[in-house]
Structure formats: structure tokens, C-alpha cells
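Have a look at this one.
Here the chain labels run A, B, C, D and E in written order, and each chain numbers its own residues starting at 1.
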């Protein structure tokens, strides 16, 4: 997760800006292009075999066009698609480079937004971070994903419903819906984190182990990663709201305000988790000290009781010729009794000091 | 408290924005709708049996109407109420979703504010956080609570007094009064926190236990939660003050400034508590170290006094044939005396080092 | 000090805004009202027996009027005074509520400022925080204190001097002088803190005790309190400088800039003290560790020297029949010598390790 | 790295501003001046023997001129070059002083930017920080480096290609390309850091040593240095974007936005590394405590098992005449058995406490 | 250093603003007034015996006048000088009060700046902080220092050179030069700090002592002091750059930008030093823990090897009548051998655990 981000430009350093290179792991076997052409009357959905088919789709002036691309490996496909819709080479470079920071850029004839989609891979129990690029103009929208994901499926379902708001509005509302779907999924991730942190807290109280600290640190670091994906979203949506571009209609603004609120909530939760995780480190360190204290107390009690006693028996183990006590009839029981009394008084002293 | 916030959107992910779903625990058995219709001459208060009755209440052009809804479970009730007053679906979605961040939104014909009401449940000795939504237009105000609460009772009493300022002014002053009531209750919560923190401090001085740290951490976390509820209030009220909407009259602005000051005071107190709790962790950790020091000193004193003495008695316990001291008449008392002197000088050394 | 702030609204929760209640401890036995009527020619000073006398004082159009009230217990007195000068109920509420945050409010016909006066009560060796409210209009100024204090005495003296700038200028300069007097006293408090912190530092070097940490924490907390009183002052004076109210003349602005600089200096000092106190906690904790190290070293030296020796004497205390050394003539001295050599070499080893 | 920055002005204090002195280590043996004169039709590249040759190169009104200077030792060369192009003495002073903070200054007829170039010296395995100054006017660009570096080589290659964007545009695009090349190299440095930090983390888990902490601290400090070089870049590029100078064409702005994004990404990574390194210190400190706990446990187990046993054998080593047990036939085996049982029960107790 | 700042207003509290009192230590035996009257043709330098001579110097309309005052004890001298040039009483108050925060104030007919001059007193090896006040109008400049210092000497030298920029420009450039000289000296101070911190770091690695921590803390505190002197400079110079006063010519602005950059560099270095010093505290604390670990290991090794052995010899020191081993011929050597083997295996165990 982390290392990918830092390794971002490796294969690009030294190339001219705008040179198209796919930077990132190969995540999809092949590239899949699907298109939806719709207005409030009809909807055509088709999977394209070649990118050239896209060109024909453009010729529906009164219909909206959504082209979704899964997989970024075939550079020439992305390039052709870009050229059909007049996309700037720098935009295409950003689409292909999966180490982008979420951002929104207004290129006049279209708006480009890039964000980070997160979803739980239930099989490998891990969080996947994929980059989603959304390019939308007056009546077309292009979306690019690193692999076939299912975050957008509910939107596709809604699109099929002729009464849905999506069908009655332009592509700007669709763009909003895609962003909203991405942000909504963050809540699922946060929930999962919340559960894991609760488990960690219980572990911390019951039996803190070095592994507990490792888990805390891992979560802290995950929070750093998450934060880097979500913080810039705030500015992204803010910019969408304030843009003077005519591509976003007034009616869509109210929805952007809604997704903005959600983003703030996600950021709030991340900050709260960070605070909580920091306190957990304190608790862990203090539990180490407490445990050390316990160990030391046991040692001290044992040593403090028996060391003086051992001294006493040592005294009567000396071989002096003139030690009158040794010959007394009750010397042995008297010494034993004295030692028992000493032991008990020591114990009571510890009791008073609350060590036992 | 915490987990609820993070679990917020769970049952919503994938739905179209504006779809009404109640997200949150069920807190009320049934939904209760009460209405107050008033101007400076008369006041009518009634509990409505069905939501349809509301529609009739709207037809009093020269009177103010306050409809208070306790319980958010019946979505269709909320929906109908919303439709009577022309409330935007996104607003209703926010009313029903109890994981909102406090905010204010100006929808033109009405202003929507959502805030967090906190009150002490004296029975279970716990702080309850409920969401309150306030929607007010030119002469109506709708308020939604998660359950029947009593924070607004004093306002209802004041409303009955024909001479009160509330009766002589519009619903904007009533809206302000509701917000003010919510903020005033925060002081009660903070007071309770203040007392608990004072108790904790005493505990910290007298006898710090691992439980003390747990309590400190719990309060730190409560502060994080509290802060998330109160911080956005600042912006909320600020926005109310600056809004260009005609719904808030000039005369009400001066009152908003007052509640703004109170909010800042609450935030100040929270920050101060956070600082104090952080110092308490330091004190706790240092008290652990101090205690360890004490334990170690006892061990060291005992060991340092008796280990050399035990060595000496060991010497005279050796079985060499030629050990002239063993046969001396005063050997035994001399050794005993020497050991006493050694013990005393050790003790004085520790005294000098301030270990005793 | 602290608890008062947090308990502020207790007796007020549920009341209508603008209801006059005195919130705070009773600090003065009775209320004292003193008036100064002055222009650059003459000065009349009198102590008023009843609040009604104030009304007559207003009728000096070409003179400035300063009414100073010590003690806030008699609500009806404050209320009447307010009504004579047309003071808004919310202002009076703030005057009476001693838990205010320093602020400045422009009510059009008058400006209201509230600040925190601090002075040393030399008898009980404690810092007293009292609230001062200053209300000034075009030619009158009302000041309210919780008790009879002496911070303003120098100003009263200066007022008696017909050549003083105060006499030649309006009440805005007097208002500035009062604020300046309050801020000047902060320097005295900081000085005292500075001395105490220096003493603490010495203590920390010579002999750090748990009490030292407690004192550090107490000062940290005092700094939090102080900060809450002083930080808002910055904004208060800033607002006074920027206000478009005609009540503050151009010539007074230059003086406000001066008192603003002083406030910044106070804030600077507070922040510096906070930093210094934080480092002191570090030093304290490290001194605990150092001391533990010292204790451990003594234990280790004693144990490491004597445990092996005790083993050796134990060997020759065994009762085996065939132990040839026991019968040797020089066995005993040889063993003793060997043990002395072992002890010395151990000691040298510790010396080398710098433990002695 | 660090000390150089702090020693910056040493040889300059007391001189008039604008006096040219080279401040910094001598890094290059001799000064190398290379020139490229180009438009979209032709490109002339030549290495200049004397600085005077530059003057002639200026007389190509329809061509762009890039003069690159490696080495800053010959002040008179820099001075002459500056005078040919009308560069302000303060600019030249900054070019020569290698302790500059990255910044951009608009001098009207030219724009001056100074940045920090970092590259890995693979031989000595160290990061080199060199200062690069770029001065560009309407059709000339001067670049100054501390030594012959290879960060700009790819740009030189691209320049040779007549179809490249560089050849078709003005020197502002070349200036952007140089800045972009510098920023791109930061990613390489960050990658290297990322790898080293990953290694450190593994070390921290497997076997943390004092050297691990030293390495963490070294990286923390490197991050401080890096941050100081990169943070001001943000403002630099921002200023380039916002400048009203006609020297930067509209078409170049879009590229500046791109390099701005990269800078933010670099800053993001640095901040993330700082957070990670801080957590690593926590982990290191807790591993120290854990290890101490382990040591203490071993000591406590051994001491707690054997000290009581030693006491018991001491008892039967006493020389009392009347000790009946000593004469029992099975006394010895019984005591031995008792001790074995005591040892086992102790061990089980530790097992229960999870110390073994 | 520190205490002086906090004691600042002591002797002033209660006085009217604008009352002239010298607050600060007496640093100069007597007051020295020197004047330079210059234009680009001639320069007259003279030391004045009485302040009254200044009045005459004003009558050179086409020349610039610089009056430098060393020592602030004679209030009447400062007062007279102020009155000759129409300086506001509040300005003079600030000149005399050496606890000022660096600031710039535009009084219309003149600009007042106050800053902190720092220089190394090589004799007592200490950093001296003195306050410098600079008042400049259209053609005069007054500078006040607490004592005769040598920071401005290079400027005086430059002034003697008729070709220098100072002679050809107005007093605003001279004012800039004085500020620049003060800022340049900060680099010398930082350099010295840099060296001391490097020494401390070496000490920290080789042999950290409690004194090392004390030195770190001292430097941290020095940084706090330094920061308080330098931070406000940023705003000071910023205000000079933005002032709409005609007293600063356009040509001087470019130089102010330069000194602004230097100030930022100084602030950067201070922040970096603070970060470094904070990490050093971490290293120090961890070295304490490491050392404790080492001590504990020695103790544990010795105790763990010898305590069981001592038990064994204790067993054969028991006086039971029936202990067959005691009578065996090879009993003694067998036990000795067994113990050697036990000791070796213990040692190998510690070796495995990496404790030896």
C-alpha cells in the first residue's frame, strides 16, 4: 500500500511530461470497455470490443454517454479514447499514473477528477486502494479504473430505472454519483477499522503483548495512508462547488454539498481514530511499566523476606567453638519461631504498602 | 457512543442520495407529534394523532407554527411532513440519518440546522447524545428528535407566557432559543466532567492504579467525541449570522452572537480539559516510575545490608581445620558486633543518600 | 479558579436569554457606586448612596461621566443603571455572569468590553481573577468589578491632574486606560510566575521530588487558565481598533496599538512558559530514570561482588569427608586472599564501566 | 548537509548587499559553460571557452538561448554573464550563495528561481544537495549549478528532437522542464528513503539495537533537511503560476499545475515518513522496556525459586545440638523432596502468571 | 536573558502611557551621541557633546542625517532628541523600554522599527541581546542602542566610501542596511549554536550524562528566546514592504525582499534546531534505558549463575546424619564438576539470548 505510493514515478523519471506510461502494478488481465448511452427515454448498454467503436457513440447529440474502462494496461487504447474526446495529454498521463493525489482540474471543455477507491477484498481480508479517474464534458463521461470493481454497480442499477434522477439529469449528476459511491465506501472501511480498534482495546486491557503494539502501529500507519487519500478530497469537492465552469449545473451543487459533508465526516473519524490510537500507545507503555512493577514486587517480597532469614540461619551455621545458643535445649525452636515472626511482620509490612 | 458514529452509513451504502432510510438505533417506541400555533395574542398547543393533521395547521398565515417530532422510526411520517412544507429530499435524508455532523444549510425557502443534544441520564449515569434537526421557514419551524427529551421544556414554558419575547417575535427567535437550549446543556455536561476530573486528580495523587489510567483515557476519548459534536457548532452559528437569507431578522442576530460566545466557551473548556487530561497521563506515568523506584530501594537496602553479612557468616561456616578465629573465646561476639556496626553504617549511608 | 469557570451557567440553564441572574461567588459584602464627572476644567468625584442619583449625573452634556460599580450582587441596581443608559439586557446578563470570555461588542450607541483582571492577593499568596466590564458611549463610561479592587487607582490619581491627557480627551481614552491598567497587571503576574518557575528549576536540578512534578503540573494548569483569559484579549483589542464606530477617536487608535503590543508580549511569555514547563517534565522524568539507574547500580555492585564470594565460602562449608583443601595448613588464608583479589577485580571492572 | 546550511553567511557578514562572494564548498574543479541556441528549425550546441563568447550569442532575436554554467567559483565569470543579460546584483549574490531557500523572484525583465537539486551519488551512497539557479527572460535562460550534474541530461536529449514540445515553445517551457526534472528526482530520493525505512522497520522487529535508534534519528533529521528544501518549492511554483509577468505563457501554466501536484505529493510523502519515523521511536522505546521486562523475569524466576530453597538448606546447616530432624533416617530425602515440590509449585505459579 | 524579558514592565505599572522611564539593566556608563551628515558629495561625522547640537544638524535640507545614540539612561536626552524630530511620546516610551517585541510602526511623518541585536561577547562566551530602535523620516534617521556595539561598524565604513550605494540613496536604504546588519549577525549566532549542538550530539553518542540533558534543555530554551526575537521580524519586514508610506522608495523594496528571505532562513534554522534538540531528548532517554538494561543484565547473569550454585553447596552443607553422598570418595569433585557444567550451560543460554 505504502511502498506503491513512494515508488510512483520510478519508471517515468527523465521522460517528457505528457508521455504516456502506465505506472503501477498490473491489476487486470485485459482491458474492458463498457458504454451506456441514455436519456430520460431510453438506455443502451453495451460492452465494446474495440476502442474504435467509441467514436460512433459520440454522435448522439441529445443523449448522455458514459464510457467505463476497467484496466489501464493498454496505453494505446487510453490514448485513442482520449483523442476522440479531445483530452489533454497531461490528463491522460495522470489517468495512467496510479500514484496521483486526489484532485480536480478544469480543462475548459471537460473536468478531470481523480480519486482513490477503497474496498474490502473479503477473500484476502485486505483493503484495496485503486485509482479512479473521471472525465466529464457537456454530455459524455469517461471513467477509468485499475481493475473491474463493484463499487459502481448500484449506480448502474439506478441508471436502468427510467424514473431515477440520474436519467433525468446530465452527466454532472452521474459524475457526482460516482464520487458519492466512492466516498460512501469509505464508511465501510472506517467501520471495519472501528471494529478492529475495539478488539485491540480489549486486548490491551486483558493481555497486552508486543504484538498488540505492532497492531496499533499498523493501524496508525493505515490511518496515515487513508488520510492521504481522503484529505485532498475535501479540496477536490470544494473546487467542484466553486468552479465557474458551466459543466456543473446549479441543481447538482446541492448534492455536492452533501458529499462534501460526508467527506468531512470521514476526515473527522480518521482524526478521532488517530487520537485514539495515540492514547493506546500510552496505555500500552504504561501497562509495560505496570507489569515490570509487578515483577519487581514479587522479587522484592521474596528477597526481602528470605535474605534476612538466610542470614540468621547462616549465623547459627558458623563453626565458632563458643556459641552458647547452640547448646541450649530450645535454641533451635526459638530461632525457628523468631524467623516465622519476622517473616510474618515483613509480610504485614508489604500488605500495608499494598504490594500484596 | 463512538461506535454509532462510525457505523453510520452501513445500511445506506449503495442507495441513491435522497433515499429515506432511518440510520441509527431505535430509541423511541412510537413517534409523537406535537404542534404549537402562536402569535402574541394566542397560543394553541395540541398533540397530533396523524401526520395529516399538520396540513391543516399551515393555513394560519398570521401565526407561527412549531411542529415537534419525537422519534424517527416512521419514515413515511417524516416524508409526508416534509412534503407538506416543501422540504428537499436531501434534508429529510439528513434528518433521518443520526450520524450527521452539526451543520447549517440554507435551502432558500427554509434553513436546515442539525445539532447534537447531550443530556445526563441520571438513572444509568451516562451521557446521551441525540441528534436534533431544526427546519425553519418564514412562519413555521419543524424540530425532530430521536426520542422524547426534556431539554426544550423550559422553552415550552416560556412560550406559554404571552409577555415573553418568543411570542412577540418570529420563528427565527424560536429557532435560536432551541439552539441556545442545546448549547446551555453542554455546560451541565462539562460541569459533570469537571467534577469527575477533579476526583480523578485526587485519586492520582493519593493512590494511582491502572484503573485511574483507564478512567483518564475514557475521559480523553469522551472529549474527542464531545469535540466532534461541538466544534462544527461554531461554524454553524457563524453561518447563521452571515447568511443573507431574509429568514433571520436583524434583532435575532444579537442573540446569535450570544450563543456563539457560549459555544466558544464550551470549546475553550473542552480544550482545557484535554490539556489537563494529557498532563494527568504524564503524572500517572511518573507515579509508576516513582513507585518502581520505591520498590527498588527497599530491595536494594535489604539486599545491600544482608548480602555482605551473609557472606561473613558464610566465612565462619567454612570447615577448614586451621581457622584460628573459630577457637577464640570472643570470636563469636566480636563477629556479631562487627556485623551490627557494618549494618548500621550501611543504613547511615542510605540515610545520607535519602533512600530511607 | 478552574472549577468556577466550568460551573458558570449552572444556575442559568433553562432561563430565557437576557434574564438577569448573578452567576459567580459572592465576593463583595455590599455594592459601592462611585462617580467622576470631569472635563478639562473641573472634576467632581462622589460616592453615590443610591443608584437613582446616577440619573441626575447624566445631565452634563459637556462633561464626561465615569460610574464605577464594585460588587455585582444587587441585580436591581445593575438593572436600573442599565436602563438609565439604554444598555441592552444581553449586555447586563454578560456583566452579571462572571464566567465570560473576554470580548468586545459594538451595540451602536455604546461599546461593551469584558476582560479578566488579575492581581496578587499578597495575604493569601494567590492570584485572583475578577471580571471587569466596561461600557462606554459618547460621553459616559460604566465599569463593573466583582469586588473593590485597586488596579484602577493610578488612573484615578491621573484623572485628578487637570494637565493629564485623560482630562483633555473623551471617555474612549479613559476606556483605553482601564484596559491598559488590566493588561499591565498581567506583567506582574508573569513576573511572579517567572520567579516561581526559576525556583522550580533549581529544585529540579538539586533534588527532584514528586512534589516538584505536582508544582510543575500546577503551573502548567495555571498557564492554561491564564491563556484562556489573555488570548481573547488579542481579538478584543483588534476589534476595538477596527470598529467603524465613531465612539473611538483617531487619536485613541495609536494607544490601542500600544496595548495590543503588550497583549502580544503577554501571550508570547505565556507560550514560552508553557514550552519551558513541558521541558521540565522531561527533565523530571529523566531524573527519575537516572535515580533508578543509581539505585540499580548500587544493588548490582553489592550483589555481583558478594554473591560469588558467598558461593565460595559455601563450597568450603560443605561437609564432604574427602575435601583435601580443608586440611591444608594455608587453605583458609589462601581462600580469603583469593576472595579479596576477586572482589578487587570486580570493583575494577565496575570502575572501568564507570559505575562507581 | 546540515552544517553547510547553518554556516551560510559566515564569510559574508559585514559586506554590502550585492557584493559577490561565493559562499559554499568548492565542488567543481573548473567552470564549464555550455550554450544551446535553438528554435523549431535548428539547434546549435556549443561549449564556450570564455564567458565573452556569450555576448555574441545574444544576437539571435528569433532563437532561444540556454546557457548552462557548472561551477560557481569564478566570480568574475558569473559577474560578466550577469552584466550581459542585465541581471541585478542581488540576483547574482543569491546565485553564488549556495545557502538559499528555494524561491522565485520576478525582476520585471527576467524571473529568477532558485531550487535544490538532489541526486544519489551511487559511489559514496550519499544524497547530494546542490543549488540550481534558473534565470529566464523573454528568449534566454541561464542556469547555474554547483557542479556538473546529470539531472538535466534527459532534457538535453529531448531538445535535440526537432519534434519535441520544447523546440516549439519558448524558454518558459524549458524553465518548467528544468524545474520538473529537479522535482522528479525527489521521487527517486524518497524511494530510496522508503526502502531504508522498510529495512529499519524489519530490524526494529527482529532485533532492535541502539544503532537502530541512531539510524531512525538520522533519517528523521534527513527528513528535516529534505523538508526545508521542498516546502518552499510549493510557494515558488504557486508564485510562478500567479505571476502577472508576461514571461510565462498561458500554455505553460497547465504544466506548472502538473509540477505543483508533484511537489505536493513529495511533501505528502515527507510528512508521512516523519509520522512513520516518530512511531518507530515509540516502538523502539517499548522494545527496550519489553527487553528489560524479560531480563527482570528471568532474574525474578531464578531468585524466587532458589532463595527460599537456599534458606531451607541453611536451616539444616545450623549447628544446634538439638535438631531432631538431623538424626532422622529419611530426613535428608524428605527435605530434598519438599524442596523439589516447592520448586515445582513456584514454577507453576510463574506459568500461571505467564512469565515462562 | 529570559528573566529580563519577563520583568519588563515592573517599574512602569501604574504610570500613564507615554511616561518616559528607562526599563532594563544599565548597560552603558554614559550616553554617546554620534552624527553623520551626508549626501553623495560629502560626509561629515562628529561626536556630539550635548543633545542640543542635534537641533542645528537638522538644517541641511539636501543632506541625510544619521544620529546614533548608545546608552538609554539619560531620559532627558532621549526626550529632547525626540522633541526636535517630532517623535510621539509612545515611540520614545518604546525606545526606552528594552522589553519590546520587534515591530514596525508607521507614524506618518516617520517610521519606527524596533529589533533585537544579538552578538557574541567572546570574553564571557555569552550571547548578548540588545534592543535597537530605528526611527527614520524623509531625510533623517535616529538609531538607539543599549550600549556601544560594533554590529553597525561595517555600515559606517561603507558610508565613508563616496561610491557606495548608501551615499547615493536616501535614509530608507540606510535603515534597511541597519536591519540587514542585525539579521546578518543572527547567522553568526546560529552557526555557534550549530557547533554546540554538534558537540552535544557527539557527547550523546559517546557518553550521555545528566549534564548532557541539561545542556540540551538550555539550548532548547535559548531557541525559545531566539525565536521570540526573530519571529516578529518577519511581520516587521513584511509591513515595511507593504506600507503605503512614501518614506520607503521603490528601489529599496527589492532589498527588503532580500532581508526578508534571510529572516525566513533564520526562522527555518531555528525550527530545524528545535526539531533536532527534541530528537536528542528522545535519544538521551533511550540511552538511559539502555544503560539500565546493561546494568540489569550484569546483575541477572551473576545472580542467575551463582544463586543455584550457592543452593547446591548449601545442600551439602546440611548436617543430616544420613547423607550418603558426603561419604563418597568422589562426591566432592563430582559436585564441583556438576556446578561447573551448570555454570557453563547457563552462560551459553545467556549467550544465545544475546545478553553477553
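Definition applied: a residue touches a chain if its C-beta (ideal position, glycine included) is under 8 Å from a C-beta of that chain, and two chains touch if they have at least 3 such contacts.
Quantities reported herein were computed from a predicted structural model and do not represent experimental measurements.
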| remark: In contact with subunit D and subunit E alike are the chains none
| query | If you average the Cα atoms of subunit C and of subunit D to get two centres, how far apart are those centres in Å? | reply | 43
| message | Nearest whole angstrom, what separates the Cα centre of subunit C from the Cα centre of subunit E? | response | 26
| message | Quick check on subunit C: which residues sit in contact with 2+ other chains? | response | 285, 289, 292, 296, 299, 303, 307, 310, 314, 317-319, 323
| field | Category of the chain touch graph - line, ring, star, complete, other | value | ring
| task | Follow the ring of contacts from subunit A in the direction of subunit B and write out the chains one by one. | result | A, B, C, E, D
| request: Could you please specify the touching residues of subunit A with respect to subunit B in the complex? | output: 153-154, 158, 164-166, 177, 180-181, 184-185, 187-188, 190-191, 193-194, 198, 205, 254-255, 257-258, 261-262, 264-265, 268-269, 272, 275-276, 279, 282-283, 285-287, 289-290, 292-293, 296-297, 299-300, 303-304, 307-308, 310-311, 314-315, 317-323, 354-355
| request: Using the touch rule from the top, collect the residues of subunit E that touch subunit C in their complex. | output: 2-3, 5-10, 12-18, 88, 90, 94, 99-101, 103, 105, 107, 207, 210, 213-214, 217, 220-221, 224-225, 228, 281, 284-285, 288-289, 291-292, 295-296, 298-299, 302-303, 306-307, 309-310, 313-314, 316-319, 323, 325-332, 335-336
